[in-house]
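The first chain written gets the first letter, and so on, giving A, B, C and D; residue counts start at 1 in each chain.
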Amino acid sequence: MSIILLIEQILNGLQFGVMLFLMAAGLTLIFGVMGLINLAHGSLYMIGAFAAAAGAAATGSFVLGLIAALTSAALFGALIELTVIRRLYARDHLDQVLATFALILIFSEATRWVFGSFPLFLDTPAFLSGTVTLPGGILYSKYRLAIILIGLAVAVGLFLLISKTRVGMRIRAGENDREMIGALGVDISVLYTMVFALGAALAGLSGALVGAIQSVEVGMGEPVLILAFVVIVIGGIGSIKGALAGAILVGLTDTLGRTLLPVLFASFMDPSAATTVGSALASMLIYILMAGVLLFKPTGLFGSA
Amino acid sequence: MLPERMINLLILGLLLAVPLVALAMDEPFIITLATKAAVLAVAGVGLNLALGQGGLVSFGHAAYFGVGGYAMGILASHAQSYTPLMEAPFLIEGTKSMLVIWLVAIVASALVALLVGALSLRTSGVYFIMVTLAFGQMLYYFAISWPAYGGEDGLSIYVRNGFPGLNTLDPIQFFGLCFAVLLIVLFVVNLLNKSPFGLALNGAHQNEERARTVGINVYRLRLTAFVISGAITGLAGALFADLNRFVSPTMFSWQTSGEIMVFIILGGVARLCGPVAGAAVYILLEHVLGGLSEYWHIYLGAILLFVVLFAKGGLVGGLSRREVHHAG
Amino acid sequence: MPGEVILDVRDLHKSFGALKASDGISLDLRAGEIHALIGPNGAGKSTLIKQIAGGLKPDRGAVHFMGRDVSALSVAQRAHAGLGRTFQISALAMEYTVMENAVLGAIGQSGRTFGFFRPAMKDRALLDSAAAALERVGLTDHASAITSELSHGQRRQLEVAVALTLAPKAFLMDEPMAGMGAEGSRELTGFLQDLKHQAPILLVEHDMDAVFALADRISVLVYGKIIATGSVDEIRSNADVKTAYLGEEDAA
Amino acid sequence: MRRSNWEIMMTMKFTALAAAALAMTFGNAALADAHSGKVKIGLITTLTGGGAALGVDTRDGFMLAIDQAANDAVEVVVEDDQRKPDVAVQVADKMIQSDKVDILTGIVWSNLALAVAPAANAQGKFYISTNAAPAQLAGKGCNKDYFAVSYQNDNMHEAAGAHATASGYTNAFILAPNYPAGQDSLTGFKRLYEGELAGELYTKLGQTDYAAEIAQIRASGADSIFFFLPGGMGISFLKQYADSGIELPVIGPSFSFDQGILQAVGDAALGIHNTSQWNKDIDNPTNKAFVETFQEAYDRLPTLYAAQAFDTANLILAAAGQADIADRDAFRAALKAADFNSVRGKFRFGNNQHPIQDIYVREVIKEGDVYTNKIISTILTDHQDVYAADCGLSD
């Protein structure tokens, strides 16, 4: 494999990782502040993609579609927080899992009811279509590059929000001590709704960005959700830094694994068997990575005990 | 309000009565549905040991369900084709005997549960949920992409496996067999719940620190419970495969894990017969709602949401007077 | 009359970041005594108890129990070795009956956690051991009550009963008097005076009256260091203690 | 060849045995229920969850033919399989045991068909496939009560291979998901493709990001690409491929360029060649009427799945007009004669009861606002699958 191809694959892994980060960041934030595990996070991702597709189709503008995605994911997030999720904060994880599992069923079928069974169309905007030439003569998709940049910008924004602003202070206080934040006179239920909506918006953003280069269809959220879980387990729950590190690790492992493993196996196996076996193993690679992390650091790379 | 023992008898009595009535009315499909309920109930009872008694919220029990199913599929397909499973270092033949298949299913799923549990139990709480879910997904992808046993196509077994003295193809006889397995599993789990092991397991669920300070090795305790739980679910997987005469990677999917959990919450967490009632109700809902609308998952979701938010004890909890969460 | 050393804590160090929660702590517990550990909030008492019980690993130092180094043992293993513990906030299986909680202790003691098929609540040996412990603390009449329905004081008693089922060689007690009324405290004081002859008690307690009434020796922990160890009178008159601790208490 | 021999042997040995065993238990009921004249059809297809679009079109195409025939002697029960094999098996059991159907049909997916069809045949029921036609059921495992009206699974891939050769491509890059149908598709392509391979890749089933694969294609020096990525996977691949700036010719089987999917792919699909045995512009009166009435009834253009289901329904209706279902041999003969008006024009079955038919190359075009296909050539004429030779049935 040439160096140029390797660099391109590393960029691809990075882009995949950044996309996972947007999902994992919302999940980890919601868990960190409210102690809630939210399976319906994948549904918010799907809502983002559908809203972007519908918005772009109605207005002809990708940017307006993106805004539609952010607002509808945040709105639906706030809506379920107000109606369902807030009843779950005091409940055990089992109740949270089952209630949010029920939300997946409802959201998926309702989306199919509204939009029908066929996938929706969403294209990359004209100003981001095509490729750019990177230093070293690497041709790379402009849109994917944009995803990497947006993801990294979101990561920086989240760090700043949490470490520098008043809202961030409240979020950190919420993580540490729920009673203290009540004593500070902060209306905790408003804060919770805001944090949940923020997490939802991140999921929606991720869904919309990915929707332009993937198929926008019902059920698109759950595989990503499970990957985001793997990211969180690796990175350590509640930590934005951990989510970023875990996401990029998973993105790189998956991308490089599925390109390198078949090549590796082909060096000592019959080529067609090597592709099947290599691909089979590659599909399990990130879980093996997760098992390895669990073995040595059960609380994740950046998790606290 | 009834004592729990009465409710248990009522649930099991109903599950037994429905197929008998169906037999009299010549409605064999209803017998098949009741059989499915009994088999899924076994899976639910298995998970309930870990989840209800032990407080171990495993979102990956589809893994053991699938391993049990494939134990059946692999053994039976080799027997059908008269090819040995393995020749070196020693010869292993396939089999069409349910008893052997069950044994293999139990051992294989227990082994997988041991591996997954040993790793997952290093974590707790939300981590545990996510890790078990992820390991389940890993096996799912493995089953799909591993070509030897059909991959996504799955494996078809055209004739049910045999059980001494029974014609397993006869719906009512196969139901009887599955129902008997369910009774035995309930009996064993009931014994376990009341044993020192069960008391310690549930005690550790209620207060982990307490269990440790009385000298109980909580990790080993939970790992044991997890392995037994996985083995029971694996047995259910083998039965389920025989019910359909077919196995496929769908048995490994995360939705399957979710469904097994749903049986428990519908019926009542940590109730001995909760999963039995839950599985029966789930299948009833699937067929009643499924007939009403293409979009029946919306209704199922709404019902589930209602039960979780407002009717915590599930069916058994709603009927029973004792709110306590353990079998004492 | 100093008895044989049962529990010997040697030079424990534990830091959380810049905070030195245990800064070279050494103390011992001898047969037949109640050794009280006092200190202002945040002095590191809970951290110390956790390290002795095995729930927290010290950065440095060792814990010897009954003449053997138990530093590498887990909570469960130390409990087996005979280290009984009660908690500041009741650590009980709240949904279990009083008897079931006591049986839980008996199961731990018997090492029969992996008994699978005989019902625990019909096992003579377990029940006898549990019943004896309940009788000792005076909870026999409440044996079939659900633990969550007990009063605060009764839960304390049950904590002690569960610890007793382990036939411990020493007790670690974290604020047993907390939340007890005057009457309850007095009763418990009498009980502990009696109990110490069975096994010595390392007691963490806020209630100064109780400490002065009960303790044979007192150690004062301030900012992770033991600044003084001695009899009640010695501690009362110690100047350092007065400024660092009692002074504060008086001011408050 | 991926299909291991034991699997096929197993099918042979045990179908007979299964038939005997099942007849013991179900046979009596089946015989007692031999109703005269009336044909009862069980349509099992995917109506909820992922892939429901294909099932909905199958149902709509099928019911269009049934409604148009307005034949009281034919009754259809429709049930959802949720794209889960175990659900499909149970629905089949229900239809056979409770609804007492004579014919099962409608399954979209090969893995579901493999779970249902042999068992249905073993219980003495016809299975007539509107779509899935896996190799296992076309060769040694063929059955006198099993018909595929659609194609044999390999056909489109073989045609794509032939088209690549005919187009003068000599260094193709081929990829498919790592599951049985994917492995079969690449085998099928290679069967009639004569050039070299620049690369052969298996992707994860359900994969949505193909950046890594596209990078490999770019680096491979290929002169063309063949891919088989059904459903959402194909949409994702095509969008990302278009975005990559690579401009190699792409060939695929019709599945990724169907009427329903094209609208979600958009411009990225324009100009791509794909192989199919049907298109809405095949010039015959049946097809014209079908496309028109389907649009009237459902307000959208029909897909291949709808067309195949429409043909299947008409085949059954024709057979019902010619023979009594109670006389199974006569009814089977009427099915095999395939004396009905197909939307494909000519239609006949081979010995293994899979079609012998022409396969076309289509190009994706835009008509007004709608993306669709037009036929540009006939790549294979009277094509029959390779498994037919292994099938014990005769013409």
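Operating definition for what follows: a contact is a pair of C-beta atoms (placed from the backbone, for glycine too) under 8 Å apart; a residue touches a chain by one contact, two chains touch by 3 or more.
It should be emphasised that the depicted structure is a prediction, and the values quoted were computed from it without experimental measurement.
Hopping across touching chains, the smallest step count from chain A to chain D is 1. Chain centre most remote from that of chain A: C (centre = mean of CA atoms).
Relative to the centroid of every protein C-alpha atom shown, the closest chain centre, again from C-alpha atoms, is found for B. Look at where the CA atoms of chain A average out and do the same for chain C: the two points lie 47 Å apart. Chain centres here are Cα averages; for chain C and chain D they lie 73 Å apart. Averaged C-alpha coordinates give centres for chain A and chain B that are 31 Å from one another.
Chain D has its Cα centroid 35 Å from the Cα centroid of chain B. Touching of two or more other chains is recorded for residues 108-109, 112, 276, 279-280, 283 of chain A.
Chain D has residues 48-49, 178, 183, 202, 204 in contact with two or more other chains.
In chain B, 141, 144-145, 147, 295-297 are the positions where the chain touches two or more neighbouring chains simultaneously.
All chain pairs that count as touching, in label order, are A-B, A-D, B-C, B-D.
Residue ranges on chain B touching chain C, taken from their complex, read 191-192, 194-200, 202-203, 206-207, 209-218, 220-221, 224, 324-326, 328.
Those residues of chain A whose C-beta lies close enough to touch chain B in the complex are 31, 37, 84, 87, 93-95, 97-99, 101-106, 108-110, 112-113, 222, 226, 229-230, 232-233, 237, 276, 279-280, 283-284, 287-288, 290-291, 294-295, 298-300. Within the complex formed with chain B, the chain C residues making contact are 53, 55, 74-77, 79-80, 84-85, 87, 91-97, 100-101, 103-105, 107-121, 123, 126, 146, 162-163, 165-166. In the complex of the two chains, the chain B residues touching chain D come out as 26-30, 32-33, 36, 77-78, 80-81, 83, 141, 144-145, 147-148, 150-154, 156, 158-159, 167, 169-171, 240, 244-246, 248, 250-251, 290, 294-297.
Contacts from chain D toward chain B in the complex involve residues 2, 4, 6-7, 9-11, 13-15, 17-18, 21-22, 24-26, 29, 47-49, 80, 84-86, 89-90, 93-94, 97-98, 110-111, 114-115, 118-119, 122, 134, 178-181, 183, 202, 204-205.
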